[in-house]
Amino acid sequence: MNRPEHNAGTSIHQASFISGQALSIPTLRVLNDDGVVIDGAQMPQIDQALALRIYDTMAYIRVLDERMVSAQRQGRVSFYMTCKGEEASIIGSAAGLSDDDMIMAQYREHAAIRYRGFTSDNFMNQLFSNGKDLGKGRQMPIHYGSNELNYMTISSPLATQIPQATGYAYGQRLQGRDAITMCYFGEGAASEGDFHAGLNMAAVLKAPTIFYCRNNGYAISTSTDEQFAGDGIAPRGVGYGIETMRVDGNDCLAVLLAVQTAREYVLAHNKPVLIEAMSYRLGAHSTSDDPSGYRSKEEEELWAKIDGVLRFKAWMQAQGWWTQEQDDALYAKYREEVLNALKVAEKVAPPTLNELVSDVYSDVPTHLQQQLSELKQHIAKYPAHYPAAKESH
Amino acid sequence: MNRPEHNAGTSIHQASFISGQALSIPTLRVLNDDGVVIDGAQMPQIDQALALRIYDTMAYIRVLDERMVSAQRQGRVSFYMTCKGEEASIIGSAAGLSDDDMIMAQYREHAAIRYRGFTSDNFMNQLFSNGKDLGKGRQMPIHYGSNELNYMTISSPLATQIPQATGYAYGQRLQGRDAITMCYFGEGAASEGDFHAGLNMAAVLKAPTIFYCRNNGYAISTSTDEQFAGDGIAPRGVGYGIETMRVDGNDCLAVLLAVQTAREYVLAHNKPVLIEAMSYRLGAHSTSDDPSGYRSKEEEELWAKIDGVLRFKAWMQAQGWWTQEQDDALYAKYREEVLNALKVAEKVAPPTLNELVSDVYSDVPTHLQQQLSELKQHIAKYPAHYPAAKESH
Amino acid sequence: MAQMNLLHAINNALDLAMEKNDKVLCFGEDVGHFGGVFRSTSGLQDKYGKERCFNTPLTEQGIIGFANGLAAQGSVPIAEIQFADYIFPAFDQIVNETAKFRYRSGNEFNVGSLVIRTPYGGGIAGGLYHSQSPEAYFTGTPGIKVVVPRNPHQAKGLLLASINDDNPVVFFEPKRLYRASIGEVPEEAYEIELGKAEVVSAGSDVTLLGWGAQMEYIEKASDMAKEIGISCEVVDLRTLLPWDVETIAQSVTKTGRLIISHEAPLTGGFAGEISATISEKCFLHLESPISRVCGLDTPYPLIQEKEYIADHLKIFEAIKASVNF
Amino acid sequence: MAQMNLLHAINNALDLAMEKNDKVLCFGEDVGHFGGVFRSTSGLQDKYGKERCFNTPLTEQGIIGFANGLAAQGSVPIAEIQFADYIFPAFDQIVNETAKFRYRSGNEFNVGSLVIRTPYGGGIAGGLYHSQSPEAYFTGTPGIKVVVPRNPHQAKGLLLASINDDNPVVFFEPKRLYRASIGEVPEEAYEIELGKAEVVSAGSDVTLLGWGAQMEYIEKASDMAKEIGISCEVVDLRTLLPWDVETIAQSVTKTGRLIISHEAPLTGGFAGEISATISEKCFLHLESPISRVCGLDTPYPLIQEKEYIADHLKIFEAIKASVNF
């Protein structure tokens, strides 16, 4: 029968639903819960150097997160967010990329910019909004970005980076770059309209993007059963015609394998891939949040037991690539480094008042020049009232 | 193993994708292409009276569409849109509802409001934006609506009615109504962020909604392969955990069966259902469009052959419920009725000038009263220039 | 009467509205069990159940689309947008749908029962995405009302009036004052009429006009002016759309001078509209140019927030300039 | 020179830009093979291929999100929104992303190469969803430029300048004039500087200011005024953000009178901003109140469009009122 194409396909003659749970997507695992490689599991491409770079980043981020949460409690920074519990997911995925790939993240992925080489000073300058912050002190703490490191500056509005990643990747493909775009987002952000737009456009327009969903169980206080009714985020990929994988986000080797496989596919086919990494936000949403109001200690402990850093460390040790002594030394080194950087950054002068009006446009237009000069005259009248007056002499 | 729930499920240990084409959703058919019931096919609940009401609506809409396209060519109305090719899909689905169910449509579903009892005068008053238009002459032709008929007034911005339908249905459920909300939209509109929001929220918040996607192959000039890369819209339902069906939109009995089945499920479970009806926009997008620029005559002819009105009529005739004589009489009757109504509506006075400022708010606020009175003074100075001046005497 | 902060006053208004009418629903991101990130819906889920006070998925366009549908159906939705900075994904649903629902249908349908609550404004070290004052994006939209309270008493009365009003209302809550502003608030339900400005304190030399958290700076500047012998008439606009032209025109006719102050950037802010209208109405009474003391024309800054803000000192300087023109 | 209508001029500008720089891409709904519902991208896919001129899925937020990403990457995206009435789903991507991209990153990244083209305005029996003039929703947003051409020559020069400008531009095209406005246009590439108003015709009694399609009515009113001995200075603002305060202030200082006219509703329209600013700058020169001739504060009507529009007769009446004040 010469039926037009989009009315073709198999037929049924009894009314029946495709169940909303029809697709149950399995989870890729390489390590078991104790950090031992599962029999017959496929290994990612990893050697000792790469493993050390990954573990080094893990240790660094643990130290940084711990230190900055205290700093926030002490009132030294206004705000902070940790990635505790998701280190394996974030670092394992970053390690599966090439340094030329653009990373467009949500906010909880500072481990990825660290993996690329963001220094303690870089971190601290941003956290303290000082004059050396690459972002010129304009965004709240944790909104990192670096052109040099191909890490797009974080933007607070959720999910906006998703269609942007599609566009970025499309541009990379058209210009024949040997690079892709990695787009991170939370399972909460995946409810935004921009998610839908970004993934569908990537599929249709063949943008070399990896969409990496960090499903960590919560969006602030909202648990996943109040966020979606399907089997997580992964089945949506199939809805868009996108190749999809689910991975144990607390299994660093599985994550690395997933991303390496995905990157290869994306570059070879100029098509997107969706990865859903199952993990857990072990800490509070941010320093403004207290999770005891919406979840149990038991639940947290269950997840703490299968923590990805512990599992990766156990594997490293079993490989003979790492010892407890090295571990202690590494943590000690980073504790000192971070604390020193913090003390330095605290004292760096804030950006000059001129930065209040720069970068709104490529040049400062007349009306902003005028507003700035009026402001300066005003400040000169009340120097005691304005911090900027103190800085200027 | 005591693995936390959302990291549970089956495991794999080799990297492999779930294919973007993993879910191929079959199409429900009851009638074959010649309008003969397929052996063993499940029948919808239908008796002669219902069949006649459906067919009556089909004939009416064919006449209306034909007549109004000519009227537009003659310059008597500014704009028109037909549902040619999709009558079976729209009328069959409307017939599966109860009159208490709210219908929130896109724009190409005037056959559904006709099925509910919209009169020729109702249509014409809207199309001519005259003083008797329920919408007070404020929207372009084809933006029908009727509170009495539970048919939400059409809004041009695409897909906005989708999350609205979720909200409407949620309210129906909370107030214990024995009614659901039927939400129509095109496969093009399904690319909007509002689609994603509306379906996901309906699944999570348990809104008794039927989401009925008219996949008619085009969004203006954009064909489905430029709209999505997956297997149509249906697999997205599974992504949201929604029970889903695909149906041959040119098979009125299959459509009726699908909607009857869905309505029963929705009411019983207080959960949404997604239906994708595969059909074809046989006409131009609107009277402003000429499809010869973007598709072939051959393609159109292929679809014309499996037209849903022809198939339904053949089935009616085979049932002994309909004859060609009756058919000729019915079309003749409606041609006359529509033409008469058109002539009457053309001459009905436009809404009064006061309607320019009413319904912006529940009452006309001071500033609008003032703007209106200034306008009236102005018009009084130049009566020849303003149509409203002519109407007022 | 009870002592309440602004959050308590909001919470109390919601509680009373939900108690009185079981069609009233409160929802938004983290609004349910948790009671909202600012805790303004605290306790409401416990009291009225999960069907009437609940978390939504994380989608502002969905929240407002859903709320529009509920309102059209006959429920009384009170939708929260977590920060006013995040209202923009819902902009189409508000500007093209909420605002035009009644008009386009010839009143066959309307969403008059809808209230959209959202915390706005700076002063909390929130940077460009937790500090915006986007009211002027809404005041150019016929069909909605825009309301901003300045303290707990006003907040409760204006919110209850917004809920009961038969028109959709966008209700901006000054988050800087959520805990900082405390005052006496009647425990029972009461309404403050929408569309009416309030003369907070009478004066003769210059009219100072603002709304929301900005009223604090304005009152402070007025006090400073008093000390040097300038008498200010302080007016809180309260409802920005439709706004009370008459009260402002009357005041300016009397004082001959007007200073408008808002947090949002100068260009395209609502002060421009007010200035233009009052210039037309009071042209012959104006003794000096109407002046606007507003944010700079930049995104909201972080580290230079103090310098950026249209604070009492800037308003005070504008008062002197106006009087000495 | 060639005779072109406004559509041809746009199409020609896009063609030249794509020819010169293969990083220039044009996309949007129905923009590809079909050439757009108004045909402004006609022929470009044939000439530059499907990768550089293409249809997108039907999602405005996606189109602008995608465009932001492309611009950040170094491409030169020219995104079309089919009607300005449908730009609102993209509002968050424009207002929170496009406009703040450079600022928030300390210029580590920017989307300066982006141009968003969209047909706006009434006069085509389009009713409330095919007639809006939403420019004032954008003029309150630091970080973007807003441009509106009035005829084919301006359209080509301003569009090329917008494409080459290192800042994101929202470019509103007066769709009523797409075919109606015809004029001489140079065939080669040329630019008209952004941020500069143009004195279209000099005069002494009153300044008439507008932009886009509204200039036609303004010029007609100016002609009517001339016949009764009133000399109007007609000014086209052209760039609305940042706008050319100086040229307008100079003109008003000379004439002592200003009338601003736009299609959008009065309240919250951009005329308010201009009036407020010029009142401040020219306070002592004003001989009559600045007047605004604008749309009514309602959604855009259908059947009463003629009455609604701020036409030449209304402007003419305002001119007389201003001169006779």
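Letters are used for the chains, namely A, B, C and D, taken in the order the chains are written, and counting of residues starts over at 1 for each.
As a working rule, a residue touches a chain if its C-beta (ideal position, glycine included) is under 8 Å from a C-beta of that chain, and two chains touch if they have at least 3 such contacts.
Keep in mind the model is a prediction, meaning the values are calculated, not measured.
The interface with the largest number of contacting C-beta pairs joins chains A-B. The chain with its Cα centroid farthest from the Cα centroid of chain C is B.
Centroids of chain B and chain D (each the mean of its C-alpha atoms) stand 35 Å apart.
Centre-to-centre spacing of chain A and chain D amounts to 39 Å, using the average Cα coordinate of each chain. Distance between chain centres (mean CA atoms), chain C to chain D: 30 Å.
Within chain C, the positions touching two or more other chains are listed as 54, 56-57, 59, 61-62, 85, 88-89, 92, 96, 100, 103-104, 128-129, 142-143, 242, 267, 297-299.
For chain A, the set of residues that touch two or more other chains comprises 138-139, 143, 155, 157, 191-194, 196-197, 200, 204, 226-228, 360, 367.
Listed in rising order, the residues of chain D touching chain A in the complex are 23, 25, 51-52, 54, 56-57, 59, 61-62, 64-75, 77, 89, 92-93, 96-97, 100, 102-110, 112, 142-143, 145, 166-167, 195, 242, 245-246. For chain A in complex with chain D, the residues that touch the partner chain are 102, 104, 133-136, 138-139, 143, 145-147, 152-153, 155, 157, 160, 162-172, 174-175, 181, 193-194, 196-198, 200-201, 204-205, 358-362, 365-367. For chain A in complex with chain B, the touching residues are 1-4, 6-7, 9-30, 33, 38, 40-42, 191-197, 200, 203-204, 215, 217, 224-232, 234-245, 248-250, 257-258, 260-261, 265, 273, 278-280, 299, 302-303, 306. Put simply, chain C touches chain A in their complex at residues 29-30, 32-34, 37, 54-62, 85-86, 88-89, 125-130, 266-267, 296-299, 301-304, 306-308, 311, 313-314, 317. Those residues of chain A that touch chain C in the shared complex are 78-79, 129-130, 137-140, 143, 155-158, 188-189, 191-194, 219-222, 226-228, 288-289, 293-294, 350-351, 353, 355-357, 360, 367-368, 371-372, 375, 378-379, 381-382, 385-388.
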